[in-house]
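First chain A sits with chain B, and in the next complex the same chain sits with chain C.
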Partner chain A sequence: MKYFINWHVAPKEPQINMKQLFAFIRKEFYHVFRDKRTLLILFGLPVVQIVLFGFALSSEVKNIGISIFDNAHDNNSEQIINRIKTSSYFLLKDPVISYNEIEERFKEGSIKCAVIFPANFSNDLSHFGKAEIQIITDGSDPNTATILVNYLSAIISSYQSQLKPAQGISYQIIPQVRQLYNVEQNGSLNFIPGVIALIFMIVSTALTSVSIVKEKELGTMEILLVSPLKPIMVLIAKAVPYLVLSIINFIIILALSVYLLDVHIKGSLALIFFESIIFIITCLSLGLLISNVTNNQQTAMLISMMGMMLPTILFTGFMFPIENMPVIFQIISHIIPSSYYYIIIKAVMLKGLGFSYVWKETLILTGMAVFLLTIALKNFKIRLT
Partner chain B sequence: MKVLGFILQKEFRQIFRDKTILAMMFALPIIQLIILPLAANFEVKNVNVAVVDYDRSSFSQKLINKIASSGYFRIVGNTISYRDALKLIEKNDADIMLEIPQGFERNLVREGSQQLNMSVDAINGTKSAIGSGYLTAVLKDFNRSLEVNINSVNSSAMVQSSVIDITYSDWFNPRREYKYYMVPGILVLLLTLIGGFMAALNIVREKEIGTIEQINVTPMKKWQFILGKLIPFWIVGMIVFTIGLTVMYIVYGIFPKGSIPVLYLFAAVYLVALLGFGLLISTFSNSQLQAMFVAFFFMMIFMLMSGFFTSIDSMPNWARQMSNLTPVTHFITVVRLIVLKGSGLWQVRQEMYYLIGFALLLNGCAIFNYRKTS
Partner chain C sequence: MNPKAIVCKDLTKKFGDFKAVDHISFDVEQGEIFGFLGANGAGKTTAMRMLCGLSFPSSGSATVAGFDVFRQQEKIKASIGYMSQKFSLYENLTVSENIQFYGGVYGLSRSEIKQRGEEMVSTLGLKNEAKKLVGELPLGWKQKLAFSVAIFHRPKIVFLDEPTGGVDPITRRQFWDLIYEAASTGITVFVTTHYMDEAEYCKRISVMVDGRVEALDTPANLKKEYNTHSMDEVFYQLARRAQRTAD
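Presenting the complex of A and B:
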């Protein structure tokens, strides 16, 4: 009977709800678009990161300052010096005339490497069949030091083999190196997945974490709570604008990497988007959770910026290889959502693998999203204290 | 001077009142300074190699043993099909695939040369580059031992060839330990983050709360206001720096080789420049969120360009200029020089000029940009 009376009212209710939801989402969009500077930073951040990583930063070692302490001044030493000079790895500084001067230059920071030829270099080489060259590197940067020693050894040994071409063919294994997935050796491939994950963490987590706590701080939370909207609707309305912003940012990054950095996207675009949206939802849930449990903007920002950003950079493995870390950190990396996303995006976007390769990671990520969203919802207090 | 005293008193009270923020200012950098160097390790070891051995000869076996025993590599699979090995790479279980072709031993003995295929997962740039470099070195070494073996068997006429011996030594860090390079850099970054963010959030907070009005109606001069904001954070920064140096010594055993007063002199000037930058952002911004994001934006650029992650020398020219125009670059360079190499003030005077320049410029802008009328 009740149903009979209200039958024409009942179907209308969800419609009103949807309308309310849209009104709330619109309000959130106003909040976001009002702050032009933050918006500018949001879109400037990925652009600047891509440009810097793409064009300014490289893990290559070149143009390294080198000084030569030539005690020999003979044919062979001059020839080797010429070879070093023409190599693009080194920037030949003025020759030094004493051992102490080398140290002086290291301390000024003008050179990272020095080569010392002993007196009678040619003489030793031709008469005794053996001569020495000493290389001194600035060991304070160990990786660069290793690479420099390798470069110099290669230059010297190639000079040596040219010196004695008739030495007879020795047994040799010639390694042929092939670069899988990255034939053109595009350095951009190394950092793009990391940049994407980082931007999502900034846009989705940090901004969302401020959104609810800001209403608490400004006192407008009261109004939200007396509205007929359910908590889940409030959370959805809060999250939607940042979801949209994240997706726009994602498209910008993809477009920049394809058109500016010549990255080939090998896998299916639909799959990449699908996985990204799952990850964005995870980040948003995390942001909402932070926002629900904190009481002021500064704390929320400190947690989401300092607390979340560093683990993302460290434990996803895009800056530093995870295998080298202590075991405890390797375990931590397994509970950080971005490390799964990083694996997925590398496999799908750069290696061109299909869903069958990443279903496990996808499942974990989805589980995390559901888990975080549930906790966020549970922690949403409908009473002000 | 008296006016300055009052505002300092006010600022210190505010800093000490908020215990959580105070704890964060000191605890965050210390915890991170202890944890970060453990994680931030560019050293490459445990490169995973999948071997496809089509030859299955004693030579190929010897080669594989040699690779496994070199200490850098972990043999994760020894298969006889390319597909299986590729699968290992696809699953990220292997970084390098080494193919030993059929007839490897025969060709090597008969013809004296044989090619090997090395396929590298080039998505992990550093790891693949250094890993393949190591592997090439191991192969070269294997060559040499091979030569000796075969030559000694048919030791007819082993010609004494002329050799250039290369000896090398690494100064300042003979054992090539990465921590010496990372820890001073991380210390600078943390100091920069804390100082920059705190200063950036400070004035804008007064704007948001509304207390800036009360300050604006006092007869205080603009420079007094900026100086009053700067000094407390400068002291906090110096304390954080001192704690950082202590942690560096106690946890990592790194003691500055150079003079400590010079180090502190640089830190003092750098903090003035950095805080000036934070305050400048603060005078520009309308809300704390905005200040935080603008500060984050610039901090990120500063950090990336500072030579902390990648060497400045290998940057293109425009980027090197840009890197010169960020204060963090100069401070990181100087701290590394003084702590690791013991450089004196005269040797690093140029960085000092830069830092003094930044300090004057940024604080000047902050004073200029602060308006007492809204």
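Presenting the complex of A and C:
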């Protein structure tokens, strides 16, 4: 009988004790809110990044000086010039009357682009269905030059298609992909998904790893290990606050993008959140993993920054197009979780695509999260015994 | 039940060929203050880690608070307290936040934490400092607070790993008053130290040399055995035999 009673009295220990977990999570929040440096990184960084990428580093081109040398002076050329004039990208300078004048203006730097209509422009167009326009750009700034050519091509091709939609098209102008989804040519759009990925890397990966390593450095980790806390609880308690903070950060970035940079979120917000949480978990796992292999805060910070953030900037495609990279870098970009997240968010947020378009990337990202989390958990346990 | 707080038999920890702890055997009585001495690298920390359920022994057997170190590590952890030479408290948390945290981690209820916490703070004379960050307190107070937090959940045994490093003899004396008080309530105290005056405060002490327990007795008996008047001399004679270099 006694045995029976004892058997019943002995409480079965649950794997996760909520009371312990809450006490631990509350402590973690105290740490975060008392450390000014962490707070600054947490909430200062997203704002700075958004403003920096949105405004300063914008590849958007506006009010660019342009000169037009119109030898045709006919209805067609005038209509095209009007379209150029009314677009906000160009600032039409006084008309020129010679090639030399164009060259002068390029040298002065007052224009970055010139358009020359040949004398027989309309004639060619109506007789041969084909006419030429010369576009000259300032090659010393190749990025701007490319963008300007694209803008002009778009303007001309839209006029062209309107002019004679039934007949053959004179120039085969393929508009840039970006224009497809970014009609208003808002240059900050492309950066937003990249910046979000970057912020998650910093908050979830760097701060999580630092917060665990800090306990090792101070010697408080020992106390946690001697306590009845299960290792998994230590990991959860460390990860939960940064998961919450990452989500808050994410909302701040989205709000800044929408209200400050006029970004239109095309896709489902729920899907964006869902994908983001998967990515945050991937980042958290990376952070836990880093904290398992390092013993001081500097190393943890360095690995997170150099090993995680730099590849995110370089190889996710939001700064430099991956297609133009050497094969080895393209391979690297395929093993970086943030490049998949970048693809997903770009597709959902900017193109308004649904889950059926990004399920493959989602699957890869989920796989990475599970893989990293498993290793992190395993290593943490081994270290205990 | 088992009247002994700790029973250790041929406990061994090997790292490859290196025997960090080499067949140590000893018993610790309930409510005893047991000094665990040894030069750096003698294997004290490794032995203590095994007893705290942090590390699996390679061979031998041991029970702590009646629980087996191989199979019942979780139960051991729930019945011991621990304070290390580094700080056991969070410096950027206040005194009461630290108490709440440890109370929560050891599964105490909110009302228990509140009641015991108030009691503890007033016993330590820290009532006015309860809302201060621990980092702002003087070292001696931090250590007293750390000890009180380590026994906050009323463990059967408390392990102290060089608890009084870096404080003056008067504060150390006060610290030992707390230890005596805890022992008088039946808590077993297992303490490592480098200070020989502290060794004298212990009921019994063991001295580890090269992973083995070379001596184990009351301070008075040890002094008699080694024919000297100071524990310093006893320790020196024993530690001199060491073959290993400290790490």
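One rule holds in what follows: the second predicted complex is superposed on the first by the 243 of 385 C-alpha atoms of A that agree within 3 Å, B and C clash if a C-alpha of one lies under 4 Å from a C-alpha of the other, contacts with A are read in each partner's own complex, and residues count from 1 in each chain.
Convention: contacts are C-beta pairs under 8 Å (C-beta built on N, C-alpha and C of every residue); 3 or more make two chains touch, one makes a residue touch a chain.
Given the structure is predicted, the values throughout are model-derived calculations rather than measurements.
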Field: Touching partner for A:V327 - first (chain B), second (chain C), both, neither
entry: neither
Message: Output check: A:I223 vs chain B and chain C. Expected answer is one of first, second, both, neither. What do you get?
response: second
- request: Would you check which partner chain A:N17 touches, where first means chain B only, second means chain C only, and both and neither mean what they say?
  value: second
Message: In the overlaid three-chain picture, which partner chain does A:K27 touch, first (chain B) or second (chain C), both, or neither?
response: second
Query: Among the partners chain B and chain C, which is in contact with a greater number of residues of chain A?
result: B
Message: One more residue to check, A:A270. First (chain B), second (chain C), both or neither?
response: neither
- line: Going through chain A, the residues touched by chain B and also by chain C turn out to be 35
Contact footprint of chain A on chain B as seen in their complex: 20-21, 24, 28, 32, 36, 38-46, 63, 89-92, 97, 108, 112-130, 132-133, 135-137, 139, 142-143, 146-147, 150, 159-174, 176-178, 180-181, 193, 197, 201, 285-290, 292-294, 296-297, 300-301, 304-305, 309-311, 313-316, 318-319, 322, 333, 336-337, 340-344, 347-348
Message: Touching residues of chain A toward chain B in the complex: what are they?
response: 35, 37-38, 41-42, 44-45, 48-49, 52-53, 55-65, 91, 103-104, 106-109, 112, 125-126, 129-146, 149-150, 152-153, 156-157, 159-160, 163-164, 167-183, 185, 187, 189-190, 202, 210, 214, 297-299, 301-302, 305-306, 310, 314-315, 319-321, 323-326, 329, 343, 346-347, 350-351, 353, 357
Field: In the complex, chain A residues that touch chain C
entry: 13, 17, 19-20, 22-24, 26-27, 30-31, 34-35, 218-220, 222-230, 384-385
Statement: In the complex, the residues of chain C that touch chain A are 52-56, 74, 77-78, 80, 82, 84-93, 97, 100-107, 109, 133, 159
